[in-house]
Amino acid sequence: MPELMQFLLSGATVGAVYALVALGFTIIYNASDIVNFAQGEFVMLGGMITVFAHMAGLPLPLAALLAIVVTAAIGVALNKLAIEPARGAPVVSLIIITIGASIFIRGAAQLVFDKQLHRFPAFSGDDPIAVLGATILPQSLWVIAGALAVFIGLWLFFTKTLTGLAVLATSNNRLAAQLVGINTSWVMTLSFALSAGIGALAGVLVTPITLTRYDVGIALALKGFAAAMLGGMGSPHGALVGGILLGLLEALTAGYISSQYKDAAAFIVILAVLFAMPQGIFGAKRTERV
Amino acid sequence: MRLSTKSATLLVLALLIVATPFFFPSAYYYRVGALVFVNGIAVTGLVILTGYAGQISLGHAGFAGIGAYASALGPTHLSLPPSLSVLLGAALSALIAFLVGRPILRLKGYYLAVATLGFGILVSMVLANESGITGGPDGVQVAELGLRDLLASLGLKLKAPVFWYAFSGVVLLVGAWLALNLYDSPTGRALRALHGSEVAAKTVGVDVPRVTLQAFVISAVYASVAGSLLALQNRFVTPDIAGYMYSIELVTMAVFGGAGSVFGAIFGAGILTLLPQALTFLAEYEQLMLGLIMVLVMIFMREGLVPSALRLIRGRGA
Amino acid sequence: MSLLSVSGLGIEFGGVRAVHDVSFSADPGEIVSVIGPNGAGKTTLFNMISGVYLPGSGSITLAGEDVTGMSPHRLAERGLSRTFQNLQIFQQMTVLENVIAGHHLHERGSVFADMLHLPSSRRRSKAAEVGAMALLERLGLARAALQEAGSLSYGTLKRLEIARALALKPKVLLLDEPAAGCNAVETEEIDRLIAEVAAEGVAVLLVEHDMKLVMRISSHIVVLDHGEKIAEGDPAAVSRDPRVVEAYLGAHAKEAAHADG
């Protein structure tokens, strides 16, 4: 039993990270119908910038804040320089653009930073906390709390603020949103900033546990996307639930079946879900207009 | 008489293959040339899938991996001659593409991209983890193909790099010929039609799942053959051949040169294979440049280098 | 029994009834027009009949066979062909290739033969090309045959879609606003063509906003409003029906009155 508990706790931690990445995907997808394959790079940047700012002497909270702000700015730049000029391009082109951007960011990170693994101290020490016979790191609690806080924050933003409602309106019908005077280009900028900032936050929270390196983004982007698909593309609830489910699934596979194939199990289950219910758990059914 | 695109492409390719060795300063260049051809073969398969049919795959390196390991393991585990192992790899790739493609190709756009990506990663994971069979992450030795000995016994003695240059070149020409035939055939038109408008293709009677599956299987065989050739000429193979980066590089080569045109895609394979070789002093910047090329080409030359250039020339001419 | 019959057909999008309980039928040689104001559900009806949308309720019978929910390519094999209100052209292909692609059912064959360029494959292609050229001649598009379709004008593309739809040698032909955006001369031509096609024994289903054209060539008219069939009959009867005048012609009449006044 304690064994199961241990797997569940570590699964929830990893799942919270996937949920954050998936939420980042969701924001951009809702604003633009684009799936940003560079989402994982935001997580990497969040971790790496914090590491190097901290090494340069900045206190950790400041370093983390700097990382989030800089990453958000990089997100905005990505939108302005690579996504906006390709407006209306076919999906295949957009996939290649965002993958190209992710490779570019990775290449730049390896030049600007280095190719080593890095970490910085956990926020509240490294002494494990006992929970029902298992243990959890205080940093894991930070990660899980972070995911929940972001989810609640986004929910409030999208339901209670005028700006959030404008973003939703844009995702429902871009033309109509423009007609009622919403600045859709600004909505895009905001979405990329928000999405990149959330990715960076995930990086900041998880680096003390998993460490970071210039190339950690690919796997995270894939898992985050898988989580978003599992939950239903475009649905914030789906992103949260999909992320946690995926994390648990991986932890259980690693624990009971084979740690080498934990990634495989995740993919296979996701493919199965996609074929059984292509809309995911919370996604809305859409009939393509002809 | 005006030369058809097909004849022109084959003629130019054949000329390039035959003529460039006269400018090679050393035997090393045959190796690079062979590498260009091998990538060209894999990319020609992607022309059929992506250029004709408009379906993306970010997992074709997985099929290259299957082909490569078939030619490596066939002789040791099944006591097959290497040449038969290549065919076995192609058949296995076709079978796996058929089985995987049926469910996967129901997905579109981003979903298809991620599903194929996941497939490729699964293959490289199996190759790396099942070290009992595959030799694991450190790779495995590959037997000699044997064709060179056969040629030598017939009186044609070729050094290994020269042989591989010529052999890959011939396979590339055959691959290009098949793909060009397909372009202007009923099946090719059906594929291009569904690329243009899937709903209209259906209403003229195109069985979309069936023809996309055909394109997927065919392109998998191209990738598999390319993987086999690569393994056989290097006499060594690692799971990296099935990795994510190689899949992405193949797609980039195709769209860089022009995924809709066989010559364009092979040209793209040429440039992107040669560039890192020529700019080894910039090796640190390789990823940076690859990423930049992907973004810039998609923004400014959506059809790729060769078709965009042709359009420009024709536009002037008219 | 009719060649095509539709009974109780309906579909909802997010709770909104786009089409509800529509029934009618069409026989060989008939021109059945479906009319109604914007958003009445005409295109949605066509999409269900041609298998593009899965109907939520009701059934469709083609030559005695229940074809409800059948995929479009199966329906094509059974002789059902259509054009689209919002052009669905194969943009990157030439005009000729578009119409050859329309012959897909007649020219398809083994993919191996196609890749190896075997005589069988060449023969199939050649036959389709000859047929396609004849259709282009018929629609006055022969001169544009080798141009890339994407470079042509809207009116030309409308005719190209008709040529492509005819390539199937259909028994039932669905035309969704074939004359929209065409000038008077082009409309005249399309008008003549539809009559010709029907005279050859094809059942034509037509959605068209040009009332003069509809009243002149229809054998039978079905009127939709808010997704429901509110009237049907021959042109004279329909144009006298007060509900039609109210829902549809009324709006036009008022516009006309404004324009006059």
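In this document, chain identifiers A, B and C correspond to the written order of the chains, with residue numbering beginning at 1 in each.
FYI, a contact is a pair of C-beta atoms (placed from the backbone, for glycine too) under 8 Å apart; a residue touches a chain by one contact, two chains touch by 3 or more.
Since we're looking at a predicted model, the values are computed, not measured.
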> Among the chains, which one keeps its Cα centre farthest from the Cα centre of chain B?
Replying inline: C
> Which chain pair shares more contacting C-beta pairs: A-B, or A-C?
Replying inline: A-B
> CA centre of chain B versus CA centre of chain C: separation in Å?
Replying inline: 41
> Could you state the distance in Å from the CA-based centre of chain A to that of chain B?
Replying inline: 32
> Rounded to the nearest whole Å, what is the centre-to-centre distance of chain A and chain C, using the mean of the C-alpha atoms as each centre?
Replying inline: 46
> In chain C, what residues contact two or more other chains?
Replying inline: 52, 84, 88
>> Can you list every residue of chain B that touches 2 or more other chains, as numbers and ranges?
In response: 199
>> If I count partner chains per residue in chain A, which residues reach a count of at least 2?
In response: 290
>> Give the list of chain B residues in touch with chain A in this complex.
In response: 50, 54, 56, 58, 103-104, 106-111, 113-115, 117-118, 121-122, 125-126, 129, 199, 244, 248, 251-252, 255, 284-295, 298-299, 302
> Can you name the residues of chain A that touch chain C in the complex?
Replying inline: 287, 290
> Which chain B residues qualify as touching chain C in the complex?
Replying inline: 178-179, 181-182, 184-190, 192-193, 195-197, 199-208, 214, 218, 260
>> If we count contacts the way the header does, which residues on chain A are in touch with chain B in the complex?
In response: 35, 82, 85-86, 89-97, 99-108, 110-111, 218, 222, 225-226, 229, 260-261, 263-264, 267-268, 270-271, 274-275, 278, 290
> Contact residues on chain C for chain B in the complex?
Replying inline: 50-52, 71-73, 75-77, 81-82, 84, 88-93, 97-98, 100-102, 104-105, 107-109, 111, 114-117, 121, 124-125, 128, 164-165, 167-168
